[in-house]
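Two complexes, one shared chain (chain A), two partners (chain B, chain C).
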Partner chain A sequence: MDNVLEIKNLHIDVKKDDSTYNVVKDVNVSIGKQQIYGIVGESGSGKSLTALSIMGLLANPPLHVSKGSIQFEGDRELLDMSFKEMKKIRGKEISMIFQEPMTALDPLFTIQDQLMEALKFHTKLSKSEMKQACIDIIERVGIPRPKEVLKDYPHQLSGGMRQRVMIAIAMLCNPKLLLADEPTTALDVTIQAQILDLMKELREDFETSILMITHDLGVIAETCQRVAVMYAGEVVEESDVVSLFHSPKHPYTKGLLKSMVSGNRHDDLYSIPGKVPSVEQMPSGCRFATRCPHVMDICHTQTPPVQEVEADHTCQCWLYQEELVKNG
Partner chain B sequence: MIAYTIRRLLMLIPVLFGISVFIFLIMKMIPGDVVSTMLGTEATDESRSQLEKQFGLNLPIYQQYYNWISGVLVGDFGVSLRTGKPVLGDILNRFTLTLELTLLSAFLSWIIAIPLGIIAAIKRNTSTDFGVRIISLLGVSVPNFALATLLLLILSVFFSYYPPSTYVSLVEDPVKNLQMMILPSIVLGTAMAGAVMRMTRSTVLEVLRQDFIRTIRAKGASERVVIFNHALKNAMIPILTIIGMQIGVLLGGTVIIEQIFSLPGLGQLVLTAINQRDYPVVQGAVLFIAFVFVMINLIVDLLYSYLDPRITYK
Partner chain C sequence: MADPLLKIEELETFFPIKSGIFKRTVAHVKAVNNISFDIKEKETFSLVGESGCGKSTLGRSILRILEPTGGKVLFHNKNILNYSSSELRKLRRDVQLVFQDPYSSLNPRMSVRELVSEPLFTHFSISKEEANQQVDEMLEKVGLPLEQAERYPHQFSGGQRQRISIARAFILKPKFVVADEPVSALDVSIQAQILKLLMQLQEEFNMTYLFISHDLNVVKHISDRVGVMYLGKMMEMTDTDSIYEEPLHPYTQALLSAVPKSDPLEEKERVILKGDVPSPANPPSGCPFHKRCPKAMEECTTIEPEFKEVKENHYVACHLY
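The block that comes next holds the complex of A and B.
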């Protein structure tokens, strides 16, 4: 199966007070056609930056992609595209929705205006065709009374409705890839489930691939086929979802799973001790070394290599370097 | 909305009433009076009391106030004690000049300040931004009279240009009128531009940092659409607030600038009237200025709700 998106070797750096720090390191992700691919990790692990770099929307300065490649539909290198070329892709071939539905819409424009805008950028439909397209998509994302809602302003809608509007805007031009950056984090649990169901349906109807970013393994379990676990800017483990849940390899993944199983998803009983290192104080060896229960000497000095520990299941951890395990 | 407007207009009544009492009492309290300024200190008691009687100044103070305000209510602001001409006519006459000056200054300031403010925001922390910020700082901190004098000096010394010195109205001779008005407008506009530029820069910057801007970019918008359709519209409310205040102040007359450029505006009228203790003129003019000021406030408030659907007045 051909991949819709292939991220290879992605490095993102941030400039702070004349020094450059690395925030995303050597990320490799391949998203298949109609696949829902998950990225999971704690706050600050570089999930949003990875997604924004696909859109070419990193806040530059201070952030920039220092190395790597992002290929869309096999042969189109997104990182080499001009602003003009990216503009044509954004909102049409690749769309994005965000975490905070309350602030993601312009408060001064009606829902219809904000939908129409995307159509104006990318299609040559007549005004009445555009209106019809807006009504259709609003209906499709499960908003009741579409004609009235189109005339509303964002502040007149609930958070869940606004997120549906965001999804409608994103799906309006039938994109091949939807980047969903924590689309349900700000919503309460029942609404969360509805939104996830909606996204799964839309993926089938529109034949869209989805990159699902979340810090919640529950969301991954419910929606994704493959998943990358990110920690401090690196993908520490990557596999299909079943394999990840059944035989997690990386100590960080195990920690995440433990915190998910032991608590209800929101106020965790167990949480991994310590916190994500700041960009200025990134450990030079394994980035998880400071919090790892199985830490060894080598972890502090050398970055572990990425290893295929099972078929199609990679992990970046010294524990799985066979010679080392044998010797030590 | 209409109900709100009507309520706001009704609320003007106590405000303007308060102001009228206040200004009336102030005028009574400042030392010196019209009779002494007219007759000099040598005047006989007889001629003094005759003049006082003629102006109604011998009546008890509440009676004087009543006579004045009851006239005002039916549009009769009285006559000037000095010229004998109706006060309202004088005020309106002067006001047309002040209004023209204000609009011209405001227009000049906007066409400079808003684009520069936007450019500074887009190119923040570059030399362009730095330059704009210096200009705006100069704009707000150089005193009007200094800039006016400097401008006149440069024009006369280096270009031997002197603006016309007798005022003609816009209808009489538009060209000559504009020649007279352009310099004071530039001076006043510069000061206004400084503040507007600063406000535009900071609010556009703030809006550009908001989440919804990212959504618009993610839809495939060009920077032009992001800035002009969205960022500027969202930045308009704070900018409008400043602009409203500036216009309100300018419409009250600008004594110094009118003096320097010999323009017979509202400021000059009030100043002369105060010096001569010409009570009806001062009272009428102040009341009129207060009225204009609160009306501008009302208009700005109504514009808010027009611009921002979240602001509704009931």
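The block that comes next holds the complex of A and C.
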């Protein structure tokens, strides 16, 4: 198996006032070597929680993984690892970048200090070697005047530069997997294009796999090879990117694609009616049933099974189970 | 053609940079630098540009939420920059603002009914019953269930909150609304709902919009004309179709090419801009864009291009034309 990461049957629950609610349900994701894998969904769909559980960074309590496994490089089970073991993996073999580069960087330390921190922890380089490594990586992520920037504090840099620094810190130890949680959401389009290009380049140079989490289907179309669409904690559809954009199966995916605001002024704007259900009021059958234009009786009572509707293209919807429905 | 509702002439908003123990003004940030355009009645004019280009400052200067340092803003042919505070107060009935962030722009201690009726009590002497009736009508128009009128902002989602903000701004039936990134904080599926609502209300109340956004897809959908700003200057201005089909300014071309594609198979020619927007406190000489411009020429570094009409109703500030 040459998958870098395999998530199987991942369930995440949240405890709230003595009751437990399910927020991520039965997520299965496999990320291949050097692949850019996208998870797309609205706020509250559980996409960030999935990424945090890979890093072992779920805020526990109230959140915890109740079931499932996350296997890294085939044989290492991340969910069974101790805090100490995870610390050795985080930042070295798996690293993560976040949406808001200002809050993710420490305002009291220079860029060099923050890069050195990771190197000191994970490598046994001498001080001058470390410094050289810092300069190299800062140059590699396209920051001009690397020597001066290293002495700067985060507030002296622009949003795009900060995100480049975040990427530099993440790539410093040449990780096998990079988790990118909405890396370009806070940036302008011109800077977003720069950062996405940089990430694609780095994936090739460093042979890294990337898990790209975003709410923007444009970012998915731009970068990813495979995509999972999440809704209310479930993966409702999973396929390669071309198949997803050209023959979407799940009514939610179809709605999302239709509501991408593009085309011209004279076209009618499409929007999915209603809103994502809250965790306390999760529908018992299909979680999308309350907003679905093709809803049937069975959708309200039973959760649809995940089914392969085309080669390598799965979908969780009763529409593709018609025989089953007819036979009761 | 009808008289423009709003005419902006050579508007300037400069912020002083103070330094030293006497806090002497050493320089200015030219957030809005000599901008002129007009907005016709019932039109939607959009301002686009990267963060820090001055688009929000321009929107606020027009409403005198920020005081401009020079130029004129003519609303119905009267310069509102000369208005006294009582005249300005009356003007506020006709001009309103919708903010970007529906989380911080609503007072958390006021119920929806209080929030939406507040402008009525500020501007008119009106009985509680009349106000309640108007609030009910407005809530229905923006699609908020009446039984939720006694709830507080934290009980609503982002999209619902933006509906409250819209109801609050529109209850006075203004003639002109500045919408400052009204959908940027919302999810894609909700964005379309709010845009639709804004377009519906415009039709119903015959309103004129100044729409501020960094999202070119959103702008394409809602606007009649578009102005592209960079470092406090207007770079290009024309109707929506021409700006997308035939952008003239290299900056507009780069902005458009940076929009992520909507289909993975689409082949797209990319103009990737190098570097960031320069600091507006210290803008480059000549054309403000020349340091990032792929087509920069000798004269761009020294002479500032004039903002001129190169085709019918198509204005550009660039030496190429």
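The rule we apply is simple: the second predicted complex is superposed on the first by the 313 of 328 C-alpha atoms of A that agree within 3 Å, B and C clash if a C-alpha of one lies under 4 Å from a C-alpha of the other, contacts with A are read in each partner's own complex, and residues count from 1 in each chain.
Basically, a contact is a pair of C-beta atoms (placed from the backbone, for glycine too) under 8 Å apart; a residue touches a chain by one contact, two chains touch by 3 or more.
From a predicted model like this one, the values you see are computed outputs, not experimental measurements.
Overlay on chain A: chain B and chain C fit together in the combined arrangement.
Shared-chain residue A:198: touches no atom of chain B or chain C.
In the superposed model, A:166 makes contact with chain B only, not with chain C. Touch criterion not met for A:210: it reaches neither chain B nor chain C.
For the combined arrangement built by superposing the two complexes, chain A sits at the apex of an angle of 70 degrees to chain B and chain C, based on C-alpha centres and given in steps of 10. In the superposition on chain A, A:29 makes contact with neither chain B nor chain C.
Legend: residue contacts after superposition of the two complexes on their common chain; A:103 is shown touching chain B, with no touch to chain C. In the superposition on chain A, contact is made by A:55 with chain B only, not with chain C. A simple residue count on chain A separates chain B from chain C, and the partner touching more is C.
Once the two complexes are overlaid on the shared chain, A:219 sits against chain C while remaining clear of chain B.
In the superposition on chain A, A:319 contacts neither chain B nor chain C. When the two complexes are laid on top of each other via chain A, the two nearest Cα atoms from chain B and chain C are 7 angstrom apart.
Once the two complexes are overlaid on chain A, none of the chain A residues touched by chain B in the first is touched by chain C in the second. The touching residues of chain B, when paired with chain A in their complex, are 210-212, 214-222, 225, 230, 233-234, 307-310. Partner chain A is touched in their complex by these residues of chain C: 50-51, 157-160, 187-193, 195-196, 199, 214-218, 220-223, 240-241, 254-255, 257-266, 270, 272-273, 275-277. Within the complex formed with chain B, the chain A residues making contact are 55, 57, 87-92, 95-96, 98, 100, 103-109, 117-118, 121-122, 153, 155, 166, 169-170. Interface residues of chain A, counted against chain C in their complex, comprise 42-43, 144, 158-161, 188-194, 196-197, 215-222, 224, 241-242, 245-246, 255-256, 259-265, 269-272, 275.
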